[in-house]
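Paired with subunit B in one complex and with subunit C in the other, subunit A is shared by the two complexes that follow.
So, the complex of A and B:
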């Protein structure tokens, strides 16, 4: 007999007229690791919100530990948040860097009521807990010094201590083939053997088949296929594998240096020395994901380097010059770089208006932009608001906005994170447009799986700065 | 098509009344404040009248508007075909008359008449009325005897299997049977089909563990839920294959539920067809073949809808069938049932 921990039964959720979860049915057994692969990204946020916050649903029912906790019939639902102890491990949740591992696990949890914290007691308690779950970590280490895998393991351990019978792991940003991923997944299996269930969400089917007992493929907001471990064959999973052979062919880079880091040090960045040429795409592979915020501060000129120089087209970067030639697209730009209260056309023109302030005076120039870019973006350019538009259209808005701005340098922060296969191809074609225009492109990413496929060179970031460099071709992108 | 007579909706008149009442009170407040401002008297009445507006609005929201909206939402779900359960036990009813109509409608949809109207049930009843079962069994026994005399053991075996199949299908009138007998019927059906397909078809039945097999020995399931699904898998999935078709039944037990998964390695179905089929399973009008929710549907879809229908009528909306499929990669049909060992247990589960 296998106890059921979680069951979603014909769940339908509609937001802004779009069915994000459509007759969605899923169940998870005790001690099982269930993989969720969202083929088109629809419903992922909604599902996580449903599981972690017990959000209201339009139809269906949700059961946790065989008890109905949510239903379309409000009379049969329980208060949100009170019903399900479900942990959540993701890159964004994180730990408090200035606290030790033991403090993060025991102090930062609901129900902790002590006023005086005895660190040695915490450390010894953590040691006992770690031994019980096979976690080989020292409780006195600060969370900021943890590797990515260790950080995820501690988040999961924290959820277990909190009484979670089910833990959702979302896009643990460790690359397939990385020993860190193997370490994390081995720990997940140890937790599962102790009866903790997992729902593991990832956009890489290889990551899922490496650890999950079953993998459920979700498309259009509903589960279309559940594949058991015994059926993990190339034939059954071929549809979910990403093939770099389909990516667009990129033009060769030029020689004129657009962006130059000359022994730059700042925060986590230590003596970075590299350049990006015109039309070249360079991948800065930061496996530990430590330099993103520092790079963002430097390239947007919010901060100056502690040492060294940053040059754009030979001139030192400053807020008035240099920085104006740089466009920076953050990770998951559809969340932070789209203005829902503006129309799509205004969203598109907002950056160009920095160069042409008269763009807002009258509609003639914006009409020209609309007509010119309709062929690239489609009819969504006429939408009054970006809300409800599909992901491809939103990415079009963000990238085309910068394309109109025409920067010399384009910086992309983890461009493929939380994207499905179709969307990745689409983003690659958008990047190719910038390359065609001879824009220098710098990608900052902790995973190479997709970014390497569009890059000409890869710079490997280690503790002491850039520790290695590799030239990349189409074949190399899949290593 | 009915004309939109929205102006006659009582709900709109109700809202208009509340707005008008508030406007009257607001006017009264204005008059009282004016009186106070002009002659310095009547402060308390003015304050009381002003305070009454938010109090009335809050009370109206808590005791009238919110309950009304909840009931309206349940009625909308019912009209769109999502659910019947919600309207059977509304927390706040519109009025006695309206509730009587709703109850009557629910009775019609959920009654035994509705069960008996499902096509496959009608077919079996017709067969039972038109064919004397004993005549059929005696004839088959005669054929079996002749076959044995002539040394045709294969034909004798097939005739015996066919006889057992018909006995189970036609003669046994019970709604619930043991899981073992339902599986035995599937095996008989497979033996019959094996004569047609030979090595091109295989069937595998497995429990998740031996403990589950023992625990489910007395489990009761609705009669004839597995054979139609297996038949569907063979006809629509496996028949078109050029390689050996595999049909498997995997049985899991969770303590409160029994999950039967019928899988095949057949041709699968397109995303469009899958959506249509699953929508028909969940839409109440589709389940009863009424209105636009029914769709045109293939015979396979009707068989699955019939099984799904019976499960939901017996046990409620929390149980039934879910179909998962991909073109070229086979189909999985997951049947979820409550774990019961007596028919009386089922009565406590349904809507």
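So, the complex of A and C:
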């Protein structure tokens, strides 16, 4: 009989009147990789908090290694970490970039008691450990130099060294079909063969089916279906894929070039040569996610290209010309692009003030904007602060801020990252609004899953610049 | 939704209201301990003594709102005092001396702004450097000596900035009130003001939203330097000579006044109305404690405790709100 590592029995968590976990039941066996697919993001943070911090629950109980560690009766709960050693692998923040891999694994963990650190000893210890788990990495490499997959692998290895019997993987934002993802997932399987269990959380069902023994679909904070590896069929998972019928209808692109990169080189960007036309949406697919910050520096006019030139509507981009035509929206704009201390209306107007300097003098102009955009944004526009608003409203604020400004070119950085299906559809409709207005759109993304669905063309970025180009249709984006 | 808005507005104004209540309590307590405290003559003197501290507090507030800090503000004040006093004691027209002093201060404001926004130096390091430079200039302005008396020719100047009265209040109170009002208008009603809040709130989003970060931060530092320069000139008018130690520790007093008034040290939040209340609390505490015979150490401890408590409340409330979000 297989040993059960983790069990959540009818767990219910309510925060601020909202049931985040609703009768949530789940169990994970030793050496099993269980996929968790949150169809609407609800309860995702709460579940991770429950597993890693042993947060208080309103109903139900949690067992770890056959021992009850949490229950609605607080007296039956234990301190986090006392009995639950659950590792957490999430993006790359789990490692300290300026430390070597060996230091990250051995020094930065609970229970490290040595006062004097001998780097050579650590490196040799790491080599033995890496060999044991089939990890092909040098312990003296700095964590900041690791590839994305290696960073995840080291985080998982660190959790194993720390004695974690269960590891939660979240936001492993590597593209489906990417060799990096395959590398990471193969390593996950190797850990699993040695008895380590995993809960693998991803918003891409394809990513989960590639590594998981079972996949549990969660909707409304409740596990609604668990599908076994032997039962993975398109029919069973269909409802969690996009429905093409819900895709916004996008107009045909024009021919007038809005943005032109003419053999531009800068940092990781090597001789980029492409153009984006009026009303066209182009996906710049950089699966290694290396060019994003350099593109941001160039398109926000913080830096000049080392060679080549960028042209906006035929004129070379500079601080005085071309700058006014570009809008730039960063990844996860709900965090990066919101002015949390300003009212929603001020958030909406801040960009428009560039064109109407007297916007803040009186309230008349802002009242007009508020009345006009209430139909699109809803009552959130009256909120005194964006804090606490739902994600959809925050996305509305950021995109509408640029919509009011009416740029010629819209640049989007990984627009669909950390979003659920409902939000993705909403973002697609926002992007469609810009396309209807014939704004040229450039999407910079390391994933094609959703971005391809709204793009007309995809440019593939390789080590030596743009290595390929593909025309896209809506159907291709669905694949 | 409307209820939510009401609650939020109350929370934002809450800090100022709390500080106003504290100010009223201090005023009542000191009045009970010394009935002369609430006499019109003492109130006028308190207002006059608040003027320079409010000026540098306002300057520091503007910089803090952009998410930076100006540690040179006290030294700029000292430099302004020494340069203007040296020129006046050499027989130069007081108006000319004041203008030249303000221009030099302005130049240091530009320098601070450039170092912080264009060269991307941490603001506390950049302004620490200019703090030393300005203090050095204050010292060499009169060959490492305090200046002599600025002369009887500066009588009009001293009247305007210290002794003169208008509508029952000292001129300087009106001047500082006007500066405060102008800056309040700039922050609340102009694009530049909103950009200052935006930069302090979210620098990256501001940059990507096309806000001229360099020019806006530079403006904030120029405002701060001009306020400090004006405070230095007021001190010259008050003392009648230039002292090399003028403005020492005022950079910290400026932060204290701003923070007591609810200006967030994390940037993007606060109202100049709060700074005025902060300066008033400062003035009442200083004056009241002197009148009841408290030692200097007690005054410093009282101010220090208030600053620590207020900053702790600010940081806690921000952490809670971001956590709840």
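We adopt the following convention: the second predicted complex is superposed on the first by the 313 of 479 C-alpha atoms of A that agree within 3 Å, B and C clash if a C-alpha of one lies under 4 Å from a C-alpha of the other, contacts with A are read in each partner's own complex, and residues count from 1 in each chain.
By our rule, a residue touches a chain if its C-beta (ideal position, glycine included) is under 8 Å from a C-beta of that chain, and two chains touch if they have at least 3 such contacts.
Here the structure is a predicted model, which is why all the values come from computation and not from measurement.
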| item | value |
| --- | --- |
| Which superposed partner A:29 touches (first subunit B, second subunit C, both, neither) | first |
| Partner chain in contact with A:350 - subunit B first, subunit C second, else both or neither | second |
| Which superposed partner A:224 touches (first subunit B, second subunit C, both, neither) | first |
| Partner chain(s) touched by A:4 [first = subunit B, second = subunit C, both, neither] | first |
| First (subunit B), second (subunit C), both or neither touched by A:61 | first |
| Which superposed partner A:120 touches (first subunit B, second subunit C, both, neither) | neither |
| Which superposed partner A:73 touches (first subunit B, second subunit C, both, neither) | first |
| In the complex with subunit B, residue positions of subunit A that touch it | 1-4, 9-10, 12, 23, 25, 27, 29, 59, 61, 66, 72-75, 217, 219-220, 222-226, 235-236, 239 |
| Sites on subunit A touched by subunit C in the complex | 16, 296, 300, 302, 323-324, 328-330, 336-342, 346, 350-351, 353-354, 357, 359-361, 379, 382-385, 387-388, 401 |
| In the complex, subunit C residues that touch subunit A | 1-2, 4-5, 8-9, 12, 188-191, 193-195, 197-198, 200-202, 204-211, 268-269, 321-322, 324-325 |
| Sites on subunit B touched by subunit A in the complex | 70, 74, 77, 82-83, 85-86, 89, 91, 208-209, 211-212, 215, 252-257, 259, 271, 274-275, 278-279, 282, 317-318, 322, 324-326, 329, 332, 334 |
